[in-house]
Amino acid sequence: MPLMHPLLRRNYGQWKWHDRPRPGVLHHVARSGEEVWTVRAGTQRQLDVYSIRTLCEIADTHADGFLRFTTRSNVEFMVGSADRVAPLIESLGEHGFPVGGTGPSVTMISHTQGWLHCDIPATDASGVVKSLMDSLHHEFTHEEMPNQVKITTSCCQINCGGQGDIAINIQHTKPPTINHDLVAQVCERPAVVARCPTAAIRPAVVNGKPSLEVDEKKCVCCGACFPPCPPMRINDPVHSKLAIWVGGKHSSTRTKPSFHKLVAAGLPNNPPRWPEVTEVVHNILGAYKANARPFERMGEWIGRIGWPRFFELTGLPFTKYHVDDWRLARPSLNASTHVYF
Amino acid sequence: MPLMHPLLRRNYGQWKWHDRPRPGVLHHVARSGEEVWTVRAGTQRQLDVYSIRTLCEIADTHADGFLRFTTRSNVEFMVGSADRVAPLIESLGEHGFPVGGTGPSVTMISHTQGWLHCDIPATDASGVVKSLMDSLHHEFTHEEMPNQVKITTSCCQINCGGQGDIAINIQHTKPPTINHDLVAQVCERPAVVARCPTAAIRPAVVNGKPSLEVDEKKCVCCGACFPPCPPMRINDPVHSKLAIWVGGKHSSTRTKPSFHKLVAAGLPNNPPRWPEVTEVVHNILGAYKANARPFERMGEWIGRIGWPRFFELTGLPFTKYHVDDWRLARPSLNASTHVYF
Amino acid sequence: MSKPMPATPMLDQLESGPWPSFVTGLKRLAESEDKQYAPMMKDLLGQLERSYETRTGYWKGGTVGVLGYGAGIIARFSEIAEEFPESAEFHTLRIIPAPGTHYSAESLRQICDVWEKYGSGLIALHGQTGDIMLQGCRTENVQPCFDELNEMGFDLGGAGAGIRTSISCVGHARCEHSCYDEAKAMRLIVNNFLDDIHRPSLPYKLKFKFSGCANDCSNAVHRSDFATFGTWRDDIRVDQQAFKAYVEQNGRKWMIDNVIRLCPTDALSLNDDDSLEVDNASCVRCMHCINVLTKALNPGRDRGVTVLIGGKRTLKVGDLMGTVVVPFMPMKTDEDYEKLLGVAQRVLDFFVDNALEHERIGEMVERIGLVNFLEGIELDLDPNMISHPRANSYVRMDGWDEEVAKWRERKAAPAPAAE
Amino acid sequence: MSKPMPATPMLDQLESGPWPSFVTGLKRLAESEDKQYAPMMKDLLGQLERSYETRTGYWKGGTVGVLGYGAGIIARFSEIAEEFPESAEFHTLRIIPAPGTHYSAESLRQICDVWEKYGSGLIALHGQTGDIMLQGCRTENVQPCFDELNEMGFDLGGAGAGIRTSISCVGHARCEHSCYDEAKAMRLIVNNFLDDIHRPSLPYKLKFKFSGCANDCSNAVHRSDFATFGTWRDDIRVDQQAFKAYVEQNGRKWMIDNVIRLCPTDALSLNDDDSLEVDNASCVRCMHCINVLTKALNPGRDRGVTVLIGGKRTLKVGDLMGTVVVPFMPMKTDEDYEKLLGVAQRVLDFFVDNALEHERIGEMVERIGLVNFLEGIELDLDPNMISHPRANSYVRMDGWDEEVAKWRERKAAPAPAAE
């Protein structure tokens, strides 16, 4: 544990309680009586060494030379007395790192790779995250939400981002187009056939060469065939859209963990700032902030007020695509007289 | 509406509130100010004309010549003043009709046909119901349960009885045996093949005659093949067992309607009094009565205290058969850290 | 010399105990030497005793009917008729009772009289679907028995692949919770479909049930293909004085534990002055608070029904509950009732055209998808029909913009009645 | 003359706004003319701008590795290398950080130093699975870069069909809710499986995640195949004085609305003297009350873990949450930790033997059934593993008596540790 702040090392497993003196600051008290203040700040995750060295300097100057990163790419500095908090915050501010992301705030968005690095993305992650976090700066630096808001992004339908209170995902809307000349060369055909969740792919001979063909009636445009067979182009600058999902939750706190549910789709893939996405996200956050009760996560809130009211409050359209027709669809139907007016 | 008690006719759709002055008696007040007392009594459902005429006499003497039956084969007499209740109850008592079944009591068990009339039963319904209601007499005539208890029976796995707080159902445990000589003659083979939920039946030629055969690995012993093809004997005096299910609910009151869940199986089909069934039912009712909170239906109670505790309180064994493996099994697994100790 | 009573040592054990005994009833019929059915009931007892001994049923089906009807009689022939010849034929006549199963003593006695003449004297009040079941009739007696009952105004109920007999809860007749006239709705629909009851030619059975509220005293949600429930759209009516009286009488803790805390959507709050606050927008009309506080709370005045489709029992996919297809339909004027009938008619037509043989409507909806079904029966999609939107991305949505346009159009239009 | 900066009008728009800009960072790297990576980062910016313009990605995969390792490097070759030759190769090295992602400024600077020498200067802290991602390395530099990092004590993380890099929540290091030593458990397991991280030969990837309690700050329940959560078996520890202080400070209504009413199993009750009553038998260890009342409530002392198996994302059946396979395992002594490792080992072995190619363990469990899986990994069945028993009768249960005997035997035996 040499990389851990000595205060944490000393009180390892011996913490007693905590509170949050202000947004971005946690205060933990150990059984030993020792106390630690943690200051949390946002980063761009995709960090250049200059920015990292800046964080190291801040650690050296203000925080005993230690720092850690959270599961959401926020950085945290620990100090042993209350009076060291303000200068630390000031320094972070000077260097452009927003302090916040604690308690009932909107914390950093889970960040995936996108065009910057991945081989299968339909959109960028860094750009989407930056655009959204810019617009959510107030919500990051203030604790004004009913509970924590965890937003996730994914830059293809593989979905490396996890479940989120709000998830911003790619949704392809057309079956893959196939470059038949390349299939024989680069794709292991039986493996590709096996990957398709709807058995829509079958081996075929095209232009005299072994290739694959897709039954467009069965295809659900999931893109699972693309990674093992890049000639099956699923990404499309126009038809790969963004979709917004809400109510995912990992914690078993109060309610059981839940999957996020589709609410908006058909949003254009619109770099560099994806304004349509930002708009929908703010719309949803606004409704949640104004209407949910304390401690209700997004999905818990909707569970109480009902989906009809969610669509009403947000003005989002409700379509046939919202109605599940995949396996396990039956439990998603309303099998009761519980109806909201 | 000439068959309806005039008091009800006059106040049709104009009732204001009700209460229950005592077990077996409802008191409804109309907007007009008129009041009606209803006395409810149990019957054997499978009624001989003598018993019916007795009920008619009681109606004539005490209840203005009208009566009705409930969805659970209880009989109800309506009177227009409180002082007519006691003589009515007395008369019912004299004639052996137990007064009760209202409010948080155990009301009459839903009754199916069994050996008395059906062509596919593995057990009797009349005998099971009579045996149980004898033993539940106190619970029928008193309102000591947390909420209403609706028990259902079914005399084969077709299950004409509905969902119940407790359901007593047949569970076959061996695949059908086939009388191959008769199949060609009496069964429409493609229809039978189509009925099997697991596609376990296939056409076959046996002893030179067209017949059917069952893949015993796939067969789930549901008995669905038996009604359209009686030579596929599923009923078996030893291997057709009784099983107990709990937590079914039709009402959307508080919680959504729910299906009952398997708790006990392998109970012998033991006429004339099925003591093993009675024992399990009493065991479950006892735990419910002692532990549930007011207004909790059976399934709601277990939902709160958890299935581990249910099995603990009742001492019923928990086996691999309790774990669902049919379609939609996934949502029945515990996908959370919610664990009871 | 009269036929001797069979020895029934096992059945005899069912004569003791406080609950009325069907065995005693059967024996009394068997011992009614002056009645035509005595010999039949002796053999019936004999056969039943045999079943108890061997744990085996001895009836087989067959086809028996009355003129002009294709259903309503459940034919039963004994497989051991050699031994018990008198009850060799023991058919059931399913008879439709009055809605709410109300009887005058007189009408009930008349039924008994006819049945004593033609049948066994054994009547089930009632079958699980709601029929009066006159159990035990020889083939030759079925027609005359039916004729006499028919003259009294009774008709045969359903059986086979047709519309079945329907039930409604006691509702309007004696229940303050009732939000529409269940009996009226049921009569309208059943009368309209009489032909499909009597001459079954559907893919499979179809059941209607009518409950006046979410308490579902008719078991509609799971035991009917077409389930109609009373509900309301406006606010719960609260008599605050009466509410406070409850608090005073039972205490605040009682009120919190038994009412406030049990609201499924936390729509209730106890104010500091012991009055009640209801968040009606979050109320799902579950009835609980109204059930408990009968003197203080009542359903609102803007009443109507919610319709669920597809409840059924076990065969072949496992039990199904119904699914909401009409969140709300007002149920005030005769036209409103006609509209409900219209929905029923469209559902029936679609079922006939699209279900596979022996497929219940719930299975069909599952097979073709709710959305296609709604389109088929010309009902608009509504978020009340689902518990939650899809949690998976496995769907091709290139028609998104069009669907959004449809929704916006509907939202802009004045609310249609059948929504 | 140095390579000119590419025009990046679209990316430039991502430099404004209050959130730290990755574009500014990329540009700074590209403009570091004294650094070997400047040309590479210029072309990287050029290619990225192109992606923004065309809404198309331009990377393709490939195979690049270091000696003795079959994973840990994500190879990226540009499809438009003719135009952007300097960033034609832009591989990522996945590096395992310390548990809890703690750093001394010194260690972090050292990483930067190495990376400046061999790579692009771009580092993601951290990847969603928990790796330090050193992004942008030429093929030739991969090995020397790794060698230097390895010398510092760092090792490559997972990729491909192997065990992946693992994460644990901050837990014991700075959280009072933590019920076991997450970092210790993680280190033990990961070190044991290093070979399966570095030489992937499983049917498909397998992820471990470790959360100290039900709050699941490591997203284990859905984002890992093997998820370990801290919990406790005895009673919640209540400091009634501190509890009353909360009531006094915030009011009873606040306490009822925010704590009592939100307990998922109604296990909490507010006594009339403003003390708290906990029905521990109905508590499901959800953490809510403890989260809110940090000064008054704490997990019990009889601590251990709950293990869930099978969480994963979308491919090919739709997302799955994990399923409980170990309701409780004490986690106090070193032997306890070894037992957890034992479970992990059995799970891994069973996965290797039974999963189809490209099948995650959650899909496998679904395919073969939970019961068979439990037998395979030698764990006893427990009702805590299900939300409810089966609601359908479609099962052949002729082994009932044997299964009952098994259960009784187990109940009679002293409780085994790994239950």
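Should a chain be cited, it is by its letter among A, B, C and D, assigned in written order, with residues numbered from 1 in that chain.
We adopt the following convention: a residue touches a chain if its C-beta (ideal position, glycine included) is under 8 Å from a C-beta of that chain, and two chains touch if they have at least 3 such contacts.
What you see is a predicted model; the values in this text were computed from it and never measured.
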Report which of B-D and A-D is connected by more C-beta pairs in contact.
-> A-D
Greatest separation from chain C - chain, by CA centre | D
Averaging C-alpha coordinates per chain, one finds the centres of chain B and chain D separated by a number of Å equal to 47
Could you state the distance in Å from the CA-based centre of chain C to that of chain D?
-> 51
Rounded to the nearest Å, the gap between Cα centres of chain B and chain C is 14
Touching two or more other chains in chain B are residues 157, 159, 197, 222, 252, 257, 259, 326, 328, 330-331, 335-338
Touching two or more other chains, which residues of chain C qualify?
-> 214, 216, 221, 229, 264, 266, 284, 286, 314, 318-319, 321, 391-394
The chain D residues in contact with chain C across the complex are 253, 256, 261, 266, 272, 314, 318-319, 391-394
What does chain C use to touch chain B in their complex?
-> 10-11, 13-14, 16-23, 25-26, 28-29, 48, 51-52, 54-61, 74, 76, 90, 92, 98, 100-109, 112, 115-116, 121-126, 128, 130, 135, 167, 169-170, 172-176, 178, 181, 183, 214-223, 229, 257-258, 262-264, 284, 286-288, 291-292, 294-295, 298, 313-319, 321, 357-358
Chain C to chain A touching residues, read off their complex | 214, 216, 221, 229, 231, 233-234, 264-266, 280-286, 306, 308, 320-324, 327-328, 366, 369-371, 381-401, 403-404, 406-408
Where on chain A is chain C touching in the complex?
-> 157, 159, 169, 171, 173-175, 197-198, 219-222, 239, 241, 243, 247, 259-263, 265-266, 302, 304-311, 317-326, 329-341
In their shared complex, chain C is touched by residues of chain B numbered 1-5, 8-9, 12-13, 15-19, 28, 36, 38, 42-53, 55-57, 59-60, 65-71, 73, 75, 78, 96-98, 110-112, 114-124, 126-127, 130-131, 133-135, 137, 157-163, 191, 194-197, 222, 224, 230, 235, 237, 240, 250-255, 257, 259, 269, 271-273, 293-295, 326-328
